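Next up is a structure, given as structure tokens.
As written, the chains take the letters A, B, C and D, and residue 1 is the first residue of each chain.
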């Protein structure tokens, strides 16, 4: 490990640093007379970089060396492939998640599930617990919504992803969902992440709208460090100074993530755009930048949506988008996983995977 | 209420809008032939603006009229004054919160509490639960830390503010703390805010580092709408493109908030600066812009701090800062509340206020 | 035009507004008793929106109505196609611009020009005047560089785009270049834009790294209003809070621009990425989002580059990128214009087009 | 100098780096076997840091050592004090600049000049050339405006600062103005900065609204490197994601600048706020953070202003603001320079200083 120390440290501060390095099992050697640069040789465990960065004497870990965090892709290492029902994310596989912003009534939700599945979605999205900016906005149908999702899941034979907002709801969500969603506002919600680290079911982790890529990966690390290796990252747009679009889809971030981590990365063009007429362009851009899938708000009647209706696309637009996805995936020798391919595997009850 | 609708709406969408307005008790009148502008006359309850904004047909509420949310300052209305032990925030009162980033061992924490109280702090800060970016960083001493805080609170006769991260910890934190802190990462954590809305004890709500002022006020509204009227807002710096300082203290935001809400507003110069040598300047700037107090990381030996040591200031610097605060408050005919003034009132057990 | 006025205006302010509206030829009618909303009926010239926004009484032009600026795409209107030598930007046509960051010596520059042309570039890029952050960085070879460009242009039979920084250099640049480039730092440099508005040769206008899309379009309007209709917009990444990549390519902005303006839009993946390993992904994302072309830094030996070498890609990578471009264009029924198709048209001397 | 090189450099790249170091007069020594860290011992001229950063092999200059740029404050070194007519910026001196956004007619401009001088301003601001976002907005009265400024300057006995937008106008502006202003949009306009480096008259350099502090200082370095040592920096707010205020005044940046450079730093609360009701709070915050002065838009009748009227304050508000400034300066043992103190020195003709 290569560490840069603060300038003009007191002797006591240097000693504290050396003691910590020793305690972690490293031998330290200063590279310069001013003792601002130190090389540490030793075990290199995933937690050591953060432990050293916590030390007051340390200005910056210039190179973590062997202290590789769990999210890091080993040089030349393969993609992790995450399976969710029929869907596969990563490697040669691109999968599509689609559905309403919030769970609707059972009949309507079933209709949507069947419609998006027929058009190429392998996972149904739909919020039972909705994070909202105002306490007076519709907050989702909660446990009733979960029940609808469970029923639709069985009847439409489609896997389901839905958001958990509160660590106390994780168990209930896990009884219905094939995949937990962590929303952008909750990317840094540690009690929630830690709870999900104890689950054995995939987690869709959305990037905070003002989180750096490093912070995003460390949020994933909370889940990974808990023992849950099935994390799918989702870039959904970052906040900028320009009100023209709601967020800016960070396609460079997608490409950067694919290089730095072995975890799959998908994009959410709906929240990035905030308006339906830009969704297709963003979906295409995300896939062209290397994303392993899409999560998209789709609704047969966007105008009747409870929340965020302006960004949902209709069914026909979703067909076009799925067709785009197949064409773009093919350019790279990848393919979009089709519903039903492994559907026999969606079980009545969801086992811990 | 003045509402702007989307262009070229289908008849069905306009009907949905009119039905919602009617259901909320408003009579609606279009101002133009294109039916893009509507005036609603009716009850104007705090939740109505958000309810209408949720409607797909609505592009923007141009003027909420009487639908005034609870955080809003009525025209010409007075400041809400929030009391926490000796401290008073708002109106003519400026109060200082100081202490370590994280709770230390009992002896050291007591030493710090007495030292900052002697220098003008009326509330001790100190984290038992620490939100951190990495799962491997020090996460605080948790319940042991709460116990230390409780003991120090009694022995040093100083009120205590500490952070709750997890809604499941709110009760335990409330048994020790005079004031709940919600950190920047959790500003939009709704289960936590809702839990705090059910408490009857002040809440220090920090602005999310990328939250708009409107989002900040709506986060406070979650607490207010729950029935807890004692919210103190804290501006702690927003994220920018410039790595020179960790955050940018939004002093214009402080002034804007003072105009829009009756809630007290304080600033956190420590997290805004991220480095101790700029803390004094930011503390002064915040007060000069109208802040009702400061929350500041102070430590007798900043170099030995577990986390975020680079931004803690020493005791002597805190003396200087407290002196600045008194001088700046005096310029406006305000005064810094001194410890002990009402200390007889800090009770053995903390009652619901 | 639909105009929103400030609240509680003095009578004199309303009169000033009405006088201006009358002077511009509009009849004004207030929609509400509070006189905060006014509808103006009248000529709707391109300059009227800005003229009214300049008026103190006006808070916002909610809808410009017929006052359409020159950059606006008429509803359903066609793309403007801009020709630069062999290259065509817009409509069904995608074109590639490639070359070194800064002009090199004549032999090397000629080598690069031939190499990128052989791989599909129809325009050579290369800076003679280089905008730099530090006065001590290499500022380009100036007039000597222009001379090299002129020679290479003739010998390699390729059109040339190069940057003008100073209005005093526009004439000299115009004697050599087929297209003027305005860099990101100079997007709002009005004397320069006005000078280019007087030219009759295409302008490649890069978006300021913190300019809103509206500001970007108004910068283009400076050129258009001067009578020069040949503007190609270039999205080159905006500044964000994340240091992982140098800029964030705003692909949603590309899609938004394509809807709002008839002008062609290209992307610069090199400056957006700031590092060569992400250039391909960003180039693909930009084209997938609808861009009409690319401008890319290419160099046979990136390590030897005078400035910004870390973002230049090698020749083989450019071949791959050109192949990507052809595949992506084909998905939309577009095609990448090939060099030589119309090369007979690159004349010895550059006429005003 | 301490330099960090890229990983895994080819031998040729390392050689190019060593050759450059040698050419600049440095002996280089690698600190590690991987040759990623190098210490350079040698002359340390102001331009050497940028020269090395231009080299492809160099990832980062970790410590510039003796290669100190001209704007840097030597450790413990004094403030540079810049004089403009009566005004003094820096050291113990705080000065106030006030006036209209744009120059008005002669009588009105003279009235304003006398009014702000009577209330404590030592420099009159007023734009003859106005940088605007739209080509159709009022661009200033240009040379006629300069003439008005010259006349008012003599009659009101007040120094004048006005903006130069175009390098071709520098001479004309210099014949009238005591101080050149470079606006935020032009901070990185190198031909303009270079032209001002050749002048011998103070320059007020505004920070670009999205410029890092390092970029800001390097813009100043363009002027300093040209031989003009009289630069006053102006923080005027940076662009953020929040539309509540137009810009965010970076008071931490003011404090940071005061530590890093010997140049005076003032703030512009008017452009930061974008609305008159927040100007006072921002002015106070800026001075409390250590600013050496203010530049403020003041107008006797804000509603009649040609451009940006919403942010101008009236005369009475300026009196209050000047009073605030005196009180805040006094807290630090500084004082606001009063008009007339050295007014005998404002000459008929402006000599090169």
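By definition in this document, a contact is a pair of C-beta atoms (placed from the backbone, for glycine too) under 8 Å apart; a residue touches a chain by one contact, two chains touch by 3 or more.
Predicted model only: the values in this text are computed from it and were never measured.
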Ask   = Same interface as C-D shows up in which of B-D, A-B or A-D, over half of contact pairs matched?
value = A-B
Inquiry  = When I count C-beta pairs in contact, which pair ends up with more: B-C or A-B?
reply    = A-B
Remark   = Top of the farthest list for chain A, CA-centroid basis, is D
Remark   = Here the gap between chain A and chain C, centre to centre from mean Cα coordinates and rounded to Å, is 34
Inquiry  = On a C-alpha centroid basis, what's the spacing between chain B and chain C, in Å?
reply    = 43
Query = What whole-number Å value describes the gap between the mean CA coordinates of chain A and chain B?
reply = 29
Note = chain D residues touching 2+ other chains are 210, 239-241, 243
Key: chain A-touching residues of chain C, taken from the complex the two chains share   = 210, 212-214, 237-238, 240-245, 247-256, 258-259, 272-273, 277-278, 281-282, 284-290, 324, 327-328, 331
Note = So, in the complex, the side of chain A touching chain D is made of residues 2, 4, 31-32, 36-37, 39, 62-63, 210, 239-241, 243
Ask   = Considering the complex alone, what residue numbers of chain A touch chain B?
value = 6, 9-10, 12-13, 16, 46-51, 53-54, 56-57, 131-139, 165-168, 185-186, 188-191, 193-194, 209-210, 215, 218, 221-222, 225-226, 239, 302-307, 309-310
